[in-house]
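Given below, in the form of structure tokens, are the structures.
Below are two complexes that have subunit A in common, paired first with subunit B and then with subunit C.
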Partner chain A sequence: MAHQTYLKPEQVKDDKAFLGGKEGQIMGIGAVAAVAGLAGALGLGASMGDGLRGFWFAWLQGCFLWLSVALGALFFIMVIYAARGGWNVVVRRIAEYFAATLPVLGVLVLAGVVIGGAQLYSWHPGSSVELEHHAQILIGRKEAWLNPAFFAIRIVGYFAIWGFLAWYFLGNSLKQDSTGDVTLTKRMWTTSAPGLVVFALTLTLAAFDLLMSLAPTWFSTIFGVYVFAGCVSSFMSILCLTAIYLQGQGFLRRSITMEHYHDLGKLMFAFTFFWGYIAFSQYMLTWYANMPEETFWYMFRQEGGWENWSWLLLIGKFIIPFAFLLNRRLKRNKLTLTFAALWIPVFHWVDLYYVIMPNYSPEKITDGRMLFTAICATVFVGGVFFASAAAIARGKAIIPLKDPRLGESLRFDNIKV
Partner chain B sequence: MSAIPANNQRALDNTVEDPASRPQLVLGNHDFASMTDVVCRVIEAPNPPKIWTTALIISSLVAVFFFSLVAYLITKGIGVWGNNNPVGWAFDITNFVFWIGIGHAGTLISAILYLLRQRWRTSINRSAEAMTIFAVVCAGLFPLIHVGRIWLVYWMFPIPNQEWVWPQFRSPLLWDVFAISTYFLVSLLFWSMGLIPDVATVRDRAKGYWQKLIYGILALGWRGSMRHWQVYEKAYLLLAAFSTPLVLSVHSVVSFDFATAQLPGWHTTIFPPYFVAGAIFGGFAMVVTLLIPARKIFGLEDIITMHHLENCAKVILATGMMVGYAYATEMFIAWYSGNLVEQFTFLNRAMGPYAWAYWIMIFCNVASPQLFWWKKFRTSIWSLMVVAIFVDIGMWFERFVIIVSSLNRDWMPSSWAPFVPTWVDLGMLFGSMGLFMTLFLLFCRFLPLIAMAEIRGVMPQAEVRH
Partner chain C sequence: MATASKNPQASTAAAVPGAEPQYLGYLVEFENPTALVHAAEKVRDSGYKNWDAHCPFPVHGLDHAMGLREPILPWIVLGAGLTGLGLALLMQWWMNAYDYPLIVSGKPFWSIPANIPVMFEMTVLFSGITLFFGMLFFNRLPQYYHPVFHSERFKRATTDRFFISLLADDPKFNREKARQLAESLHGSNVEVLEG
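Moving on, here comes the complex of A and B:
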């Protein structure tokens, strides 16, 4: 180990650091997946005969999975700068491309809440859901917050802020590729900390708006943190998978090493654990205090077949990946790490389904058709996500070429330190 | 990488940030031997600094005062406190949560920062861990004495007895007993294990018979062999991994004491992570409050450098923002819930009879750390000290606000009652600080204040060169 020769920073550009035509292929596959996914979701959604209500729920589900990844990426970039991190430079550019898709995802989310708003949100004046008397009173008290116009303005605001932050970091990082200017790093160090503050506030409010207000009388102060935890663990997994895929295609073969994967694996583990902690806190406190104004949210998820889904979530999103990723050897083996990195986003998807879909079908668990609609919608947004990320990466390096801490990242060794 | 020349600016000021390299963690061109001398001098000096002796006399007197008050409380009963109905918990539990929160920085530094490979932790981890243990000692006393009939306190433990009196396992108060005793044991173990190589150094340097004997016993036969180090490093990593969930769990369980209740102002789901963030916030502030004088008095400025203090300031800013986030979220959700009682509680907090306490809390915990956005304030001893003390105060008030402002206006206005602390309340808060300081001062003089063995690993001399 000690005598392994590391790549020097100036050698990185020769380590197949440009997609060089591959982006066209990714965009093509992404476009096909998007079209097929959208067609499938629309077709299945229309066949349900509920005026596309199910389709819009699936749309939200699909958008939020990839939004989680992009937001996790934005968090990762900013936290690296704020903490003056070094080990992660070699994988940072991939995160920057992911985060840069936020404006595209914003268009999809906005389309969903504007066109499908009345179908999704029972607080919406156009909603056909019949609310009980007490719910009407409670929702009436927060009309200033939950009304279609302000809601849409807020969504635009969140994505404008995220898009600005994502492109600010990508832009400066790309500029550094050509100039090698270290003051750019210093500037990003300074911006990252306030960026994180704004990020925390907008992510929380977006989680309240997009997901929590699906059940408009329900509230939980921890909900923003809950969504955040899922974002980071699924992003770490998708980052891992992307790096493994790119290396399999011959890119960055010597730049990204097992040491980086090991650390990504640790972060996947850490945020799996963190999600478990947050989910437990929310559940336990709600269960213990046992107040109907809160418990109804969980009640819907514990009957009519949804209880099976809840068990699936507990076991699949927490117990299995927790036990699996505890082991150092499994994190330092690409095959087993790939398995974990596939598993975690799948169960983040299960989590989103658990949060979103009981609002669509509270009495009884959704049938297979709804499940497939949601899968199709996820494929659709996933296609858009990867195609846009590849389009943004066209002609640009997929690794920071002149970051002042690139050398540190290339030489990084987990066990020694 | 080569050793940094003495005339280099960065060897003098390690707060200058340069993206191309990492700051020096030990200043003053020390080598291993001179660094060891600096640390061991604190223990080996024939006479301690005068200010240390004075501080020890004062704090031990205050500690004696504290124990006298405990004796008074036990003989007279808890009526000597200002607690009333509905304010059944007041200073007792406020002090408890305050101290247990202080006890969080140590484990965070020694466990989580270790896992995150934060090499700067090595200068401050030992003293922060010691502080943790002493804070937990202070914290543990308050629930013990607040039970009223202290001679029956063993009822909290599941000890078989012929009356079949059994603790209520569904009560978060009982979870506390387990959470805190586990935390205390693991912290103590972690701390004392980390001390072994350093105590062995002190033993090997000791001149007197008793010093040799006592440090020899504490060093558990450490010879510094390869095998010893291998086992030690493995145990250290494992203990760090075990302690990490404890950092989260202890204060989460403390937050359950409140959040499992149905009381507005207490029952809110963000409490566990919010309490953990607050504990780290208060703990780091206490680390800064103690280390600024300690590094000066014992001449440790080359090891506990401005860079370390600046990093502490950043942690204080970050966790302070988390606490501010929690306050804001609680306020927003109180409104958003549409629940009128919830709304009243939060308005009452900010504008009711304890509004002064609330605004002290906001000023100390949210406003004052904002200074740390500027490097100038992060690297000035005075602003660090002032903000850290504000945060210490603010975190005490946070618990006071949560407890008293939520309790004093009960569901029915007829059962509203204000809480006024008695002299015993105030005396015990003050007295517990004496106990804490006594323990900390004794630690400074008799055990290595700095983890020497770990510091060696982050000095440039330890760098492997090819």
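Moving on, here comes the complex of A and C:
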């Protein structure tokens, strides 16, 4: 503590706090990745000869991975304000840029469910999936909620709310960069609490609509929380990776320290366990009650090759990162933390594949082409995501310059070993 | 409050009425945690073994400044947690599948999903108990006597003052050198502990 000199808040702007030309490079790489990914996904999707049905499933998968990161970012920002957090100020702006991409992701999701809706959702009147008699009756009862027009309106509504929240927090935070006005922070303390309530409701409904209604006769009230757990852990990981990348490029070298990484690692660990807890809660209640209208969802995932994917998910998304991140030293080492931060989003992707793809092919696990289509679609949306975040950050600081708690965050210190 | 090393046992405390007060060490007082951390680094580097820092709340960076080793307790807790996990599994296997097999809602005698909640709880129980008692053990708590209790000023250690105690039963304790060190710490007050 004594031998280390901490940056003062007013020195932060000289710690390479502006992307200064780097955003052009990120946008360029992002655009190339987006074009290549889209071309790859379209080419592979077309080659499957199913009228692009697989392509739209891959599109949903790709969108949802980056949507998870952006939603995790929005949650992180609001939790910081609601808890009046101090340590995380130095990484908050990166989260704000991630969350600000929500309107862009909204356009992609909306395009997917409007153009590809009939391919994706078997409740859609234009769907060619042949439903059993009882399923037709059940879906008929749900028509008031599950119809294309209301569905599209809801998607627009969710993204309007998220986009408003994301830009509200980014806008006020940017305003504070020039004015240093403390009342802005105080106002955000107040607004973040109802913001979190609205976020929880919209995220739950969006998870029901976009993912759960892929199997329209299935229901699980905990499903929104399940998706949320994956959102937060993968966001923490992508935030870690972004900060490590930026510091490697010379940005914010002294502003972000191992102490901040350690805490991000703790949150990655916490939400890994939270996901395991929620996933097991959902599984066990279904398993124990043994009701056919619930168990079929798991049956599809335990047969025809999907059982291997389920084991991969259990071991890769829960057991390995849990055991790995348990140790303090591994969270305080940039190399091992980078490994964990790469691992977790990859397995969130595996989780989304597990949720989405058995609806495409429940009898037998999808083949390699489907896998690569989904990878290409993920690269496409990832390119769009990072390019938009960099475009929003153009000419602006990548750290809150005049946040009243910036000094606290710069001096932040976990118990050292 | 972190313990740097072994503290004197009750034997040093038994002050005989009327006898010469026994010399127990030095108590240095500080007004803020920063001064305490700086001073702790100095004492750490001077090589004293039997000393401690006292503060009303956990001070970030103090463990490092005191030169405390990484605790072994987390590993013991891990072992306890795994023991709880294994015992819970064994117990449920023995009860449900071996000693008194019973069909419950058509499930196999030994159904892992049904066992997991108990495995989780037993892991938490074993870890928690081990952590709590391990913490007491490694901090040598409860401790009913400590030389600093002879100081009136030390009562503020639970409200708004920070202290370092250098104790006389350190094998390398030298009264003169200890006095010099205590005075070099720039504390707001230096006190001789007697009792």
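Here is the rule we use: the second predicted complex is superposed on the first by the 413 of 417 C-alpha atoms of A that agree within 3 Å, B and C clash if a C-alpha of one lies under 4 Å from a C-alpha of the other, contacts with A are read in each partner's own complex, and residues count from 1 in each chain.
Here is the rule we go by: contacts are C-beta pairs under 8 Å (C-beta built on N, C-alpha and C of every residue); 3 or more make two chains touch, one makes a residue touch a chain.
Just so you know, these numbers come straight off a predicted model, no measurement behind them.
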item	value
Subunit B versus subunit C, judged by how many residues of subunit A each one touches	B
Partner chain in contact with A:185 - subunit B first, subunit C second, else both or neither	first
Touched partner set for A:145, first subunit B, second subunit C, both or neither	first
Subunit B versus subunit C as contact partner of A:201, first or second or both or neither	first
Touching partner for A:18 - first (subunit B), second (subunit C), both, neither	neither
Partner chain(s) touched by A:288 [first = subunit B, second = subunit C, both, neither]	both
First (subunit B), second (subunit C), both or neither touched by A:296	neither
Set intersection of subunit A contacts, subunit C complex versus subunit B complex	2, 284, 288, 290, 416-417
Residues of subunit A that touch subunit C when the two form their complex	1-2, 280, 283-284, 287-288, 290, 326, 328, 413-417
Complex interface listing, subunit A residues touching subunit B	2-3, 84, 86, 137-139, 141-142, 145, 182, 185-186, 189, 193-194, 197, 200-201, 204, 208, 217, 219-225, 273, 277-278, 281-282, 284-286, 288-291, 293, 404-405, 408, 416-417
Contacting residues of subunit B [partner subunit A, same complex]	17-20, 22, 117, 245, 248, 252, 256, 259-262, 267-273, 317-318, 321, 325-326, 329-330, 333, 335-339, 373, 464, 466
Of all residues in subunit C, those that touch subunit A in their complex	34, 37-38, 41, 58, 60-61, 63-65, 70, 74, 78, 105-107, 113-114, 116-117
